[in-house]
Structures are given as C-alpha cells and as structure tokens.
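Quick notes on the structure that follows.
Labels run A, B, C and D following the written order; every chain starts at residue 1.
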Amino acid sequence: MEPKTIKKIGVLTSGGDSPGMNAAIRAAVRAGFYYNLEMFGIYRGYEGMIQDDIKRLDSKNIAHVLERGGTFLKSARSTEFKTPEGRKKAYENLKSHGIDALVVIGGDGSLTGAHLFFQEFGIPSIGLPGTIDNDLSGTDSTIGFDTACNTAIEAIDKIRDTATSHDRLFFVEVMGRDAGFIAINAGIGSAAAAILIPEKKMPIEHLVEKLKIRSKAKKSSNIVIVAEGGKSGGAGEIAEKVKKFLPSYDIKVTILGHLQRGGAPSSFDRLLASKLGVAAVEGLLQGKYDVMAGLINNKVVYTPIKKAIVDDKSVDEEDFRIAKILST
Amino acid sequence: MEPKTIKKIGVLTSGGDSPGMNAAIRAAVRAGFYYNLEMFGIYRGYEGMIQDDIKRLDSKNIAHVLERGGTFLKSARSTEFKTPEGRKKAYENLKSHGIDALVVIGGDGSLTGAHLFFQEFGIPSIGLPGTIDNDLSGTDSTIGFDTACNTAIEAIDKIRDTATSHDRLFFVEVMGRDAGFIAINAGIGSAAAAILIPEKKMPIEHLVEKLKIRSKAKKSSNIVIVAEGGKSGGAGEIAEKVKKFLPSYDIKVTILGHLQRGGAPSSFDRLLASKLGVAAVEGLLQGKYDVMAGLINNKVVYTPIKKAIVDDKSVDEEDFRIAKILST
Amino acid sequence: MEPKTIKKIGVLTSGGDSPGMNAAIRAAVRAGFYYNLEMFGIYRGYEGMIQDDIKRLDSKNIAHVLERGGTFLKSARSTEFKTPEGRKKAYENLKSHGIDALVVIGGDGSLTGAHLFFQEFGIPSIGLPGTIDNDLSGTDSTIGFDTACNTAIEAIDKIRDTATSHDRLFFVEVMGRDAGFIAINAGIGSAAAAILIPEKKMPIEHLVEKLKIRSKAKKSSNIVIVAEGGKSGGAGEIAEKVKKFLPSYDIKVTILGHLQRGGAPSSFDRLLASKLGVAAVEGLLQGKYDVMAGLINNKVVYTPIKKAIVDDKSVDEEDFRIAKILST
Amino acid sequence: MEPKTIKKIGVLTSGGDSPGMNAAIRAAVRAGFYYNLEMFGIYRGYEGMIQDDIKRLDSKNIAHVLERGGTFLKSARSTEFKTPEGRKKAYENLKSHGIDALVVIGGDGSLTGAHLFFQEFGIPSIGLPGTIDNDLSGTDSTIGFDTACNTAIEAIDKIRDTATSHDRLFFVEVMGRDAGFIAINAGIGSAAAAILIPEKKMPIEHLVEKLKIRSKAKKSSNIVIVAEGGKSGGAGEIAEKVKKFLPSYDIKVTILGHLQRGGAPSSFDRLLASKLGVAAVEGLLQGKYDVMAGLINNKVVYTPIKKAIVDDKSVDEEDFRIAKILST
C-alpha cells in the first residue's frame, strides 16, 4: 500500500496483560520520537479510545517502565467497542487528536479489534503479539511468553523442594489458554513426570501407568504439569481421578494462576518487545497496515492480522518427543 | 538435669518441610563435629526411625545443602510412631546405633513426638522450630517463616502488576495454618486493601465497605490477603461473598499454595537456622533436655517443649493497628 | 517536651539509598493522612530543601512505591547544607510552605543534619535509620540491611555454582562501610570458609592456614567473604596476599558493589519500614523530637539522635563464635 | 560416516561453567538410557579423563541437577591434555572402560580438544555449545547465554534503583570474552545510555557527547554497559576517561563478574540444553561425529566442530541499530 503521511501515532494495550508490554510501548514511543512523530497513549485499551482517555506522551512517561511487568497504559475489556456505535465514537476521538495510525499490543481479541477498525475506518494499524500464551502465528514467540515460562519453572523449583522432601506427587496447573506452550516448556524445564496439554490427549490410565513405573524406579518426586485449557480437565480434576487409582499416594495440587502474568520481563522478552516496538513504528512509516509484526528466526516479519489470529499454532511434535525421552 | 555423656546424636526433620531445615541440620552436624561427636541422619522423620533408615553423616553429606529448600533428610508422617509399639521399635533402633540424643526439627506435632519419646525412654532431645507458620512459642520467628513471607510478597508483587493493569480486585490466599503471621506480614508488605486472618473476624460487610471507599478514592488496584485457616472461609469463598455485593467488580482469586514452603532460604532464615542448629547440640551437651531452642530478642532461649507447643502465639495487636493505618 | 501543634510534615531521604526507603516514606505519608495532616515531599534531601524542591504529596504519589528499591524522593549530597547560610535558606523554604516538622530517612550523616537543624531552628524532627550498613544504634536492624543481606547471599549462591564446578577459591567483597554486619550474615549464610570484617583482625597467615586445612579436607569450594571497610584491605588486596602463599590455587575476586543497595525490599524491610514510618509521625505528634525511631525487640524505641549516631554498634561476638564453629 | 556400534558414551564438561550444563548432561544421560546405552561421567573435564576420574552414571546421579547452575561433573583446565602423551593416557582410560563415544560440553577450547581427540584416536564425539558468551557458530544461542543475560539485567535493575535515586552515572561491566552478546542484550534490556562492545569502537568523545545530550534532556539515570573484552578498556578505564570530560558527574563502576556464570538456568536454557543433550546422543547413534549440535531456527543442526569454533559470530548490526534508536 502507498504509505500515508503519518505524524501522530496512538499506542494501546488490550486484553490480558503480559510482561514486556511496557517495553514494547516504550520502544514504539522512542522510535516515534526518533522519527520525529508525536506519540499518544490510549489508556485502558479500546475502552479508553471510546472514552477519550488519550494523552500525549513525552520521554518522562516512558522512563523506568521497560523493566516493569503489566502495562502502564492499562488494559480493559470493552463491550462497547464491539458495537459499530462504539467504534464510531472511538474513531472520532482519534480524529480529534489528529492520530493517524495505531500500534495495538495484545492477544488475538485485541488484534481482531484493530483489524476490524482498519476495515471500517482505514486507520493504519500494526499489531504486536502481547500475550503469555504464545498462541499467535506470525511470530516464534509472543511478548511475555518467555517470562511466564521462567515464572512457572521458578515456582515449580520451589514446589519440587517440598515434593522431594515428602516423596509427594504434585499436579501443577499452568496458564496458556487453549495452547500447551507454557506447559511443555515448564514441563521439560522442571523434569516433570508427565505433561498434559490441550493439543494431546493422555488417557488417565496411561498417566497412572507412568507414575507407577516411576514409583518402582524410586524417583523421589513426581511433578505432573497440567495446562489450564486441557480437555481432560484442570489439575484438580485430574488429581482426583489419579487419586482413585493410586489411593496410597500423597497427592497435592497447585494452580499457579495470575502470578504467571506479572513480574519484571526476562531479557528475552525485553529484547523481543524492544525490537517489535521499533518494527511497529517503522512498519507504519513504510505503509505496512493491518499486519502484526513478529519475529521469526530473529527477523522482523509482518503478517496480515487475519492470518496471525487464525490460531493454527500448536506445540511442536518434536518437543513432545523430547519430553517423552526425558521423563521416562 | 545432670548432663549425660553424649557421644552420638541423631538428627531428624518431621512434619511439613520449611526453608532453612537443611541449614539447621548442617549447623547441628557441624557443631557436633566441632565437639567431636558422631552425628547420624535419621531419614524420613519418625517413620525412618522405626524403619531404621539411619546413616552416619560425614562432612560430604552436608556440603551444599545450606542454601537449598526442603530437607535432605526428608520428612514423612508416621502413624506407627503414634503407637507404643512403634516408639519401642524406634527406640531400639536408636540404641542399636548407640545414639544418645536427638535433635528434632519441625512443627508442633514433631516436637510433641520428641516430648513423648523423652518421657517414655529418657532419650535427651532438643527440638528446633521448623515451620513456615510461625505458630510456636519460645521463639520470635520459626525457621522458614521469613522465607515464606518473602515468597508470598514476591508472588503478590507479580499479581499486583496484573491487578493494576486491569483495575482488578484480587483475593490472594496465603499459608499459615491457624495463624495469621504470613498474612499480616504479606499484607502490610504488599499494601493490601485488607487482611483477613484467623485471629480476627472481619464481617463481610466491613470488607465490602472498605473496598467501596477505596474504589471512590480511585485506588487502582485492590489486593485482599486471606489466611488459609480463617473462619470466614478461604479466598475463594470470601471472593464469592464479596462478588454478591460488588457484582461489577472484576474479581480474581489466587491460592499461592505449596510454593510458599520451598525455595532457597532467606539470609534471615539461614542465620536463624545456623544459630539454632549450634544451640541444639550445645544445649544437649549442657544437659538441656525436652526443650525447644528458639531465638528471642536475638538470644538463644530453651523453652520446655510442652510450653512451646501450647499455641498461644497470635498476631500482635500492634501489627493490626499498623495495617489498618496503612490501608486506609 | 510539650508537643507543638503539627499540621504539615516534610519527608526527605538523604545519603546512600537503601531498599525500604520508599516503604518508609509511604508509611509516614499514609500515617500523616490518617491523622489529617498535610504531607510534603522534600526532593533530593537537604539539597532540595535549600533549592525549594518541595511538593505536597497526595495518595497518588505514594501508590506502587512500597515495593520498589531506591527512593522516589531521591537523595543527594549537599555541601551547602553544611554551611549556616545553607541551613538558613532551607529553614526559610520550610517556613514558606508552613512545614512544622520533618521526617528524615537516612544514615548517620543524614541524622546529624536533622539534629543540627533542630538545634538551630527548633524544627521538630524524627530520624529513621535508612542504610544497608546496619551501623546505627537504637535499632536492631536498619531499613535495607535485610534486603542487602539477601542480595548478597543470592549473588554468592551463584558464585558458589562456579566455585564448586572449578574447585576455586573466591574472595567476595560485600558492602557495609566500617561495619561487618552484611559480611558476617552473608558469610554464615553462604557457608563461607572465612569472614574478614573491620571489627576483627585476621592475620593473613591464619587465613592461609585455614584454607590449607580445608583443602586437605577436600572441601570442594572455598568462598571468603571480605567486608569493604576492613583494615587488611579489600578483597583484591587480600587475594593478592593469599596468592603468594598458595600459588597453585585458582583464585578469583568479585566485588558485589552497588547492586547490594537496590532491589525490591524484603518482607522484613517492608514491615520494618512500615512500622517506623508510622512511628515517625506518631512520635512527632507525641512531642518526641530530635530522636531516631528504631525497632528493638520488635518494639518501637525513640533514641536521641546524638546517641544513635555514636557508632558503637559492632558485630556480636556470639555471631563470630557461630561462624567459627560452622566454618571449621 | 558409517555409524559405528556405540554402547557406552562418556560425558564431560570442560572450560568455564555455564548455567544449563547440568541440564545438558542430564538430557544426554537420560537419552542414553532411553536407547539402552551405558552412560559414564568423566569428572573434571579432560583432566579427569587423564586421571581416570570416570564413573558409570545411573538415574540417581542425574536427579535434581537440571535446575542447578554449574556442572556436577565439574570442570578443570588440563595442560596435560595439550600434550600427545596426555591424550594417549586419556584414550587408554576410555578404552579400559569400553567407552565408545564422547559428548563434550563447553566452549571453543573444549570443542577443539574433542576435535583433536577425534582426529588422533577416531573416538566419535559430539560437542555441545556450553558457554555464557554465545561466541560459537552453528547455534543461535549457546547454553547459558540466556541465563547470563537475565542475571545481568536483574543486577542492573538493582543498580538502576540507586542510579535513579542519586542521578548517577554507572558503568557496568558484563562478561562475554571477545563478544558483545551479553552487553548488547543487557544494554537494550536495561535502557542503557550507551553500550560499548568489542565488535564496535566508540570514541570516548562520542560517548561523552551522548551523555551530555541526555543530561540536558534531564534523563534521571545513566547506565553505560561495557563488555569485558573491549579494546577501549574495561568499565574502570572508560569511567576514568569520561570522568576527565565530565568532572561534575557522580560516576560509579560495577563489575558484575562471576555471578553471571552461576544460578539456576532459565527456562530457555533448560529447554535448549535438554534438546541438545538428546541431539548429542541421537547424533552419535546416527554416525554424526566431530560435529557440534546446535539449535538454529529451533531445529537441531550438526556443524563440523572445526567450523563452529572459527569465531566469526558477532553482534547483529540490526541489534545496534535498535540500541541506537532506543537510547537516543
């Protein structure tokens, strides 16, 4: 597309927050300054766009945010943005500020919003993959995923201390929505006895069999990682089922929960977010609209949002194979 | 009591594990070596004493354990030790190794076992307060409590990132059994909106009122800390009740769970455990039996076990007052 | 002293920053609000007082600061405050804002400033011990000391991984100015082979002898903790000397440096700072002037500043004895 | 090459240790068991091979090592292995144990040893890139690099607390030998004012100019990252030079040092090490000898060792560009 003249860019975060969002905002804003653009923060996502919660950002706004979890622009759900009237209002607010283009950081729902908005009003926009779930195509890793994996293994390391001290069986539930990425990484990274993920059904009998074999081999601790979105149920349900087969086992359940969403971003996520924040602004200046900027094989790639959000990304078969070899 | 001649000391950990137990074992063993004693590890608590899971320890056994969570001597429940026959068997195993005295590290149940054993067989023993719950008298702080508080606030710091990004209300449940020590410390330390602990009933209406006032003051995040043993129910139940009063709030619940028991011990717990490990061995050599060694005002104090386990320790009223002032 | 009417309190941090200063500021400000006072932030310590860098604080200013290292009020050295003219200017600025009293958070230099200011102008002031060095009397622990000890042992835990993998001898220098508190805690907490602190001279020959004995006992790693202010020199110098005696040893030096000053405060420091922040405001309202608020045996104690800064606090002999037993 | 029959594999770590080495050892050993091989640990690298410090490993040896920094097989320098006699002795020891093949984990020196050994004695061997420096070709990332970057940014985050509180200029020296990978990642990840790396000369005047501009823009903290192997000197030297130009600046230097080598490996390094450990054993079984297994674009790639150790890997120009945009 022929690049439009862009002088003012609005940045927003939407959907569940993820570590590195602040680093991405900062990078986009700083890149904007580098190209002599005016940069605006749209607070509380699409809701703030509708309610005109929009402020011009200067370098003070983005000082000391890179290293912080969450998003200083805040995030919120917006039911109103799902209506044509809501989006109209949002569009008018953008116009009143003279905002020419958008950088939208979030998961598939957030990018869908950007896509729709572009279709309706022609506002150039680039999405950035900001979610701990890693469930977006068009990028090897989403912003926040690496940090969430680190948070998960650090928590599981602590649980293992207790599991080992008591010869216990722990079921630990990790996040990831319908994708098993955090589960597979955390599972391999914490020497899990088994990993249950949405992409792959494991009959309860197989799991029980595996645990029995390990018990005979006198493995002193057993940690089973369960992804939250699995069809076999959450960690609590699966633990209940296993309990029936192995009544003598000392079984505990821990659901890691929201602490996986927060925390200072990892080095990897800071770098990823920084590169993508710059890529978002440079992409807009080059006329790349309605796309998501991602990093594939360490190169910036712009993928049409419509393609990025069709979630055909699932855990690599090779990773399963490795997990199986290592947990035998 | 006239000190008996002690040449061989057995060390065991029992009950729920806590960070710093390894540091305490190491200190006791190293103090034993200093006084030219033979030191034995009794594995898996009283159960291992009955099953003769007892090994002589040398300095290699205690290398690189100080900094690790859990207990390398392992811990286990023993129903058999609750019977006179079980204790008889345990006693005979000790005698067969020539073990003259015991150091028992654990919570009230573990110390009760040591007390009973001393009454029945006259085996000199000293208990050390090893529990994250801080619910033992005779010491300002139990081994593991400080680490558990740090683990809790680090997790809550992460949750706050998310709470703030979304203007959410989080109910976070921390451990502590029937005592609110972790809750009050984590609550003050994480700027909680409210702290619900077993020692103090807070009517749900008061809590709702407090949250409403904060909402008006536009506090951007609200974290309510709930101690696990509270009469008003766990974090899930309380969240349900509050939800009825505040249906528009975006409410989430996280139960920190067992990760609070693990992890590398804090500097405070390493020091406490090191001092008490030495105090246990020196106390035995001085004829102090059937007591718990604790640290009060940074001095070693030996309290009769019977007195230490009568749990009259509860959260300081002054700490409440501070919490109230700070959360207004 | 008969309490004066106090309506406006200024808070400042001065000297080297320490983790927990923000928590102390927040607690003081929040306590001020609780007692319906106006609270002012004096930025950049005494320098800002002279330059009238003073702003009224509201609850937004102290949101999300409790958990952050450093001091949002900033700190600076002021040579001008050491002159009568400088202090006069500072006093006039306070008067122009109507500030009736001061809370000064910092080390001995900072408290000396407060004392002098009180003597000259009669401005009621309370000092809080904010320093990682723990070198102030009138409190068991200074704000930031516990966090610095945790930072030190976490760093040493990492160094030990490498020391053990290579059978190396490491000299690790920790902070503490003229006091060995961080060194002794970090030394006991990291199973150090030896601890060199300013309070206690250890001839180089003794150290060498100790290392040789350990070498014979096949201890796989040797970490020697050196306090920065020791008379025998820093870690680098001592390592050089030891090298001459033990030329075959693989010796490395790490100076932990300023990272010990930063980081999120520990649970202990958050609690200590919160209690002392409240105590500062309540003390002022009760007419306690020219004193430092500290926590002794977990009770708030107000000590005349003149007495608190006379540094007769040194590492407990008992701690040495423990360190010696544990490193044999 | 036609695969030889391999039944017994020896694993060793050599050179500087890096976080994830234990995870790589574990993965190789576990993969060996999966393929019904006997696995041997060669302790203390090539030195242990010469001194016959070789033990058969069972599953107990590799329990609870994945999450630990360093290498439980230990590492050592061997001057003797550099002589034909030394290598002959090493070869004979391998033969006496019936060891058919080697997995060598380490940096370029270690891999060079494996290459030479293969040339001389035809012992099939596969190298794994174990170094924090990321200076090996044939893999996107070396084992330990990601963890070292995380350790660096966590330390710098703490230093920033202090830098910001005092408006200070900090020079922080990070590791990386002759490569600037840690420096560029840590620099982008910590919002550094400037990054000095061996691959790129920055005249001192440019640096001073940059710092002056930032000073005018009232940036409250300035952190300059210096890679250890830079031609302009270490952090201390550069700080001295800058001091001459900017005498009024409050300048501090911190050399992060060996703590960057230790610590629990990150999720990324655990996964990388696990995959490569399996790839080493599977590669040997498939007849891939004298190669290094690496991960490029998330696929296992076997590169001739001779090619992998020719260090033509240097920091990506694009990363510089990003760093420049973000630090303006």
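Here is the rule we use: a residue touches a chain if its C-beta (ideal position, glycine included) is under 8 Å from a C-beta of that chain, and two chains touch if they have at least 3 such contacts.
Because the structure is predicted, anything quoted here is derived from the model rather than measured.
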item: Intercentroid distance (Cα basis), chain D paired with chain B, Å; value: 39
item: Centroid spacing, where centroids are CA-atom means, of chain A and chain B in whole angstrom; value: 36
item: Computed distance of Cα centres, chain D from chain A, in Å; value: 28
item: Residues of chain A whose C-beta touches two or more other chains; value: 157, 160, 164
item: Topology of the chain contact graph, where touching chains are joined (line, ring, star, complete, other); value: ring
item: Pairs of chains found to touch, sorted by chain label; value: A-B, A-D, B-C, C-D
item: Complex contacts: residues of chain C adjacent to chain B; value: 26-27, 30-31, 33-34, 59, 63-64, 66-67, 140, 146, 149-150, 152-154, 157, 160, 164, 185-186, 188-191, 217, 219-220, 264, 266-268, 270-271, 274-275, 278, 297-298, 316, 322, 325-326, 328
item: Contacting residues of chain C [partner chain D, same complex]; value: 13, 16-17, 19, 21, 68-71, 74-76, 151, 155, 157-162, 164-167, 170, 252-263
